[in-house]
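Look at the two complexes coming up: chain A is in both, with chain B in one and chain C in the other.
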Partner chain A sequence: MAAWIEILMILLILLDMVLPGLSRLSACVRAAALQGVLLGVLTLLANFDALTPRVAVLAGLSMAVKGFLFPVLLERAMKGAGVRKEVEPFVGYVTSIAACVAMLAVSLLLGQRLPLPDGGQGMPLAVPAAIMTMLTGLFIVVSRRKAVSQVVGYLTFENGIYAFGVVAVGEVNALVELGVLLDIFVAVFVMGIAIYQINREFDHIDADHLSMLRG
Partner chain B sequence: MNPDAIANVAMGLALAPLLFGVINRVKAVFAGRRGQPLLQPYFDVVKLLGKGAVYSRTTTWVFRAGPVVGLASALAALCVVPFGGERALIGFEGDLLLFAGLFGLMRFFTVCAALDTGSAFEGMGASREVQFSALAEPALLLGLAAAARRTGCMSLSGLFEEASGMDPAAALPVFSLAAMAVFIVFLCENARIPVDDPNTHLELTMIHEVMVLDHSGPDFAFITYGAAVKMWVLGALFAGLAVPFRTGIHWLDAALAVAFMFAVAAATGVVESTMARLRLLRVPHLLAGACALSAVAYVLLLR
Partner chain C sequence: MELLLAAIIVLPASGFAALLLGRLPKASAAAGAAGPLAACCLAAAPVFRALSAAPAEFLRIEWSMPFGSATMELDALGAFFLAPVLGLSALSAVYGAGYMNAHGGGRLPGWHWLCFNVLVAAMAAVCLARNALFFLAAWEIMALASFFLVASESGSKEAREASWTYMAAAHAGAAFLIPMFLLLSQGTGSLDFADFSVEPGSATASLCFALALIGFGSKAGIMPLHVWLPEAHPAAPSHVSALMSGVMIKTGIYGLVRVLTMLGPPPTWWGFALIALGAASGVMGVLLALAQHDLKRLLAYHSIENIGIIVMGLGLWILGVSTGHPAMAALGFAGALLHVVNHAVFKGLLFMGAGSVLTGAGTRDVEKLGGLLKRMPATGAAFLVGAAAICGLPPLNGFVSEFLVFLGSLDGAANGGPLPAVLAAAVILSLALIAGLASACFAKAFGIVFLGEPRTPEAAASRESGALMTAPMAILSILCFAIGIGGFAAVQAAEPVVLSVCGPGSGGVIEAASRSLAGAATAFGVLIALAVLLAVLRKVLLFRRESGQAGTWDCGYAAPSAKMQYTASSFAQPLADFFGHFLGQRKHFVPPNGYFPKESSLETETPDRCLDGFYVPAFRAGRAVLSKFLVLQQGRIQIYVLYLVLTLLVLLIWKLGF
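The block that comes next holds the complex of A and B.
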């Protein structure tokens, strides 16, 4: 089982590396969605020996929301705003990939320094993969111009926190879990509307120009 | 000398051009054509060998040495790569570097021969070839380094032997990452589609083809056959990394390896039929991705 979780973690890391290298917004959205589905599978695998209906329902719910609902919402927001399909990054693709490799090295180092209460439950890659996903999310938020990309970055960051929670905390209160899920749902919903409004006001969703606003 | 290893080299020599035949057949089927005979690459080589060579007066011995050195390094690489669970004909600690170096030598002489003609087109092809291979080589070397670190062997034969005894789940992460990187390198080094289009005859878009425009007769036969052997060698490396497991029965392993080689050729044909060639500016992104895959494989082992 530990070996399969490790493979899942490597897939998570690979998706992190793919995300900044994708040039199309919808591909980015789909990659982040796939990451959410992978995390659902991870929850199931991590609790495989003691699989309660509660864990199964939570994992299924987060898979449905992250894998299906968010992409649909974001695609609709993009279609409504008539966004151009390219990402238009501040940092080039090759540089982004190089930065990802550097972030992976950093997160492996951090993962070694971060002692978990039960030694990571035999999942040595879990903490580095979670930190890597968070760093990638932050990287996407700062290095991309479009508001949609920043939503994707935010989702990736949340995926990282979720992955960390699965490993470090294990059993989480269902209420907390559902609350977090609802929060990100509302956030994505609001951001979808925000993207639409920004576009209506300025004819583009270039978040960089927001800094020129004066009250 | 191991008779099985000699048999493997002989098999590589005999079957290598058939890979091109299979790729062409798959592409023909995808396009709804009947396609050329499977053995057409052999006919081409025989036909070219029977012709005379034409040399431009502006060329020197470098131009004539290009095809010969190219074929020689491909043959040497064939002797270094293990096949079908058998040790390679030549194997020693560190032959990983020799393996990568032989491809470097082959490329160096092909590029020099292209530059020697003084043709602007060939110079352009040479410049592109060098640019892309500068990115493909780190991917290959890093991937091999990761596999070597995982198994603790610096020779290809030892590496594959060690890997065949590993627990599948333990070997899978590093080996599949390295194999993916090597497959991209395989497509790039063999001038296949996402990087280069072997069928194009528009000089502005060609990379490999444009470098060998001025070679004729036996020289071109050497180049064609050398390219086939190179494809076989890189395919064998990919096969070893992607499916490192062995049944232990000698003839079955060899048969499976041959079947896998032709599956790789068929997959290349499918890639060529379903994908368009990448824009020249996008190719470095693909190769950087291959480097990143290898780097991840290596970094994962540093823990």
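The block that comes next holds the complex of A and C.
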């Protein structure tokens, strides 16, 4: 089973490398959704030996929300606001990928220093992949202009937290996990409304134009 | 303790009731004023029990805050401060109901009464708190509630600026209190007052003292930290001024005393510092008061003066303890304590009088008033009583506490070593100077406002305030006399507190002081009897004789006008010129010219030198430095997230030990 988990981790990292290099927003959304689905599979695999209905339902729910509901909501927001591409990001695509490589290095270093309680159980890539996903999410939040990209960034960040939870705690506390999921759901929901409203007011959804509000 | 807890709960409850009734100003005022009254009645029994040297009552409520617990205790010292807090609050609330009704209900009456009642509850909690976190929470709620009260009166720019000045001072003060409590809790790590310990005579103790002096001193209004007082007191509604000046600034004194009792045997320089600061506050406060034209600003400067007297008393206490003169210590402390109560009584009375004048005549500018005694007899009489009391004239209450401080310093001057003798002599000189200048100042204030002829049509048209406003003033006036004549009893009432703080050995000194005050009371009795006798004699002599009223002989002037009277500035001019170097009064004088002079004018203004000379430049410089950090505030959400990420990453890397 560990081998499969390793493969999933590598896929996770590869998606992290891809995400900052995508300029089309719908591709970004789909990549993040794919990550969410992979994480659902990861949950099932990590608890394969003692699969309880609770874990299965949880994984299914997470897959449905992240793989289906969020993309649909975001696509609708994008269609409403009429945006398709991330134009002029703060950090260029090539530079972004270079930054991803640097972040991977940092994650691997941190992963070495951050031992899991049970020593990792032969999953050497688990912690680096989780940290990498979190860093990627934050990187997208920092380096992109469009509000949709920011939502994708937060989603990716949450994926990282989820991955960390699955590998570090094993059996995830359902209550905590549902709480996080609900948080993200509300965030996406609110952001979708906010994107629509901001667009209606300002004819664009560039989050950096909010700087006019500073003191 | 349950009764006290109920009192603290009933206050915000009635505040919320007032808030709900906000649309109906009169009902809101009634609901709001009911809270402090009920709290006063509820708390009376436990407070009197604690004052009669009963064992302290203790209550501990666990709290989910780290290090915090709502630990409360009512001991004699706390009760001595709690009594004026609740008593004056109740009277101010009744007065405030009349005041707000007379001012058309005020802006946002519901919120006003909520803030008022929360302020009272917070002050009571400050006196009861025995946990640093709980204390600071109550302290900050107190500051916030009074901030809103100051800001809410008129909505004018001045009121807003005054409230911000006050807010800045309150926060700066609290910033000194937090490290002080942390230092005190260093030994045990617990923030309960009972666990505080500090090595006596160590540098830590002195540091704690300095922090407490600055932190509590800024609330009390000790001289270089007083700048918020003359701004905030005039801006607030009069009953709030009465409450803030009468009891809220005393919470600073309470905090200082409370911390001083925790710090162990004091070194001599603490007493020196307290006496020097007290003398400076007292003398400069009364001098600045003398030069003011705004009645409430004048009273605010007198609050600084009286805080100076209290701090001098505390200085004598510390000096007496550190140099081994228990008599000086006990008398100084008892004088300071009693002056806290007395100042609450007469300053509350004076601010209420000023508010009544403001309601009746529509202005606080003394140059526009005059002749109000005939139009507002009750207010005038009450103001006269308060004015005489604040000057320390017998047989009123100000005399009793100043007498004790005098006794203490005389003891120090006679029996102390060279240093205590010099300091005690300085206290005597300052007190005498303060009393003299205060008399001049209130002769001015009362004379210009209440005597003579009205200077403006508004003053001429002024009418007496309603019973809701005059009744609290009457009660406070009677209290002024009662404490003044019954000074011996007041001293005995303070005895348990003095004994608990200064040690049981000081009982004899207090008894002796009480006996000499009893002698003075006999003399007052004889004097009052004589006055009554003379009045009766006059009545008898005038019986069946014709007597009438006529205009004063005006030296042959054909058309005297109200403008020919002394003005406040001209009354104060000799003293203001004499102390010109300290005051820095500015004059704009256009002298009369030629044989037939046409226009000439004189205008005086007395800016606060601490404010203009230190705080304004300091804050401007601070602003210049801090505005460089505005670069960090880019207003871009991306940049802010970047700050977060970098901080987290650095912390993570640091923690993992690269």
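Throughout what follows, the second predicted complex is superposed on the first by the 209 of 215 C-alpha atoms of A that agree within 3 Å, B and C clash if a C-alpha of one lies under 4 Å from a C-alpha of the other, contacts with A are read in each partner's own complex, and residues count from 1 in each chain.
Convention: contacts are C-beta pairs under 8 Å (C-beta built on N, C-alpha and C of every residue); 3 or more make two chains touch, one makes a residue touch a chain.
Quick caveat, the model's predicted, so the values are computed rather than measured.
In the three-chain model built by superposing on chain A, chain B fits alongside chain C with no clash. Looking at the shared chain after the overlay, A:101 reaches chain B, while chain C stays out of its contact range.
Of the two partner chains placed around the shared chain by superposition, chain B is the only one that A:125 touches, whereas chain C remains out of contact.
When the shared chain is aligned, chain C comes close enough to touch A:90, but chain B does not.
Once chain A of one complex is fitted onto chain A of the other, the partner contacts of A:14 are limited to chain B, with no touch recorded for chain C. Of all C-alpha pairs linking chain B and chain C after the chain A fit, the shortest spans 16 Å.
Of the residues of chain A, not a single one touches chain B in one of the two structures and chain C in the other.
For chain B in complex with chain A, the touching residues are 167, 169-170, 172-173, 177, 284-285, 288-289, 291-293, 295-296, 299-300, 302-303.
Residue ranges on chain A touching chain B, taken from their complex, read 3-4, 6-7, 10, 13-14, 17, 21, 93-94, 97-98, 100-101, 104-105, 108, 111-112, 124-125, 128.
Within the complex, the chain A residues that touch chain C are 90, 106, 109-110, 113-114, 135, 138-139, 141-145, 150, 207-208, 210-215. Note for the complex: chain C touches chain A at residues 633-639, 641-642, 644-645, 649, 652-653, 656-658.
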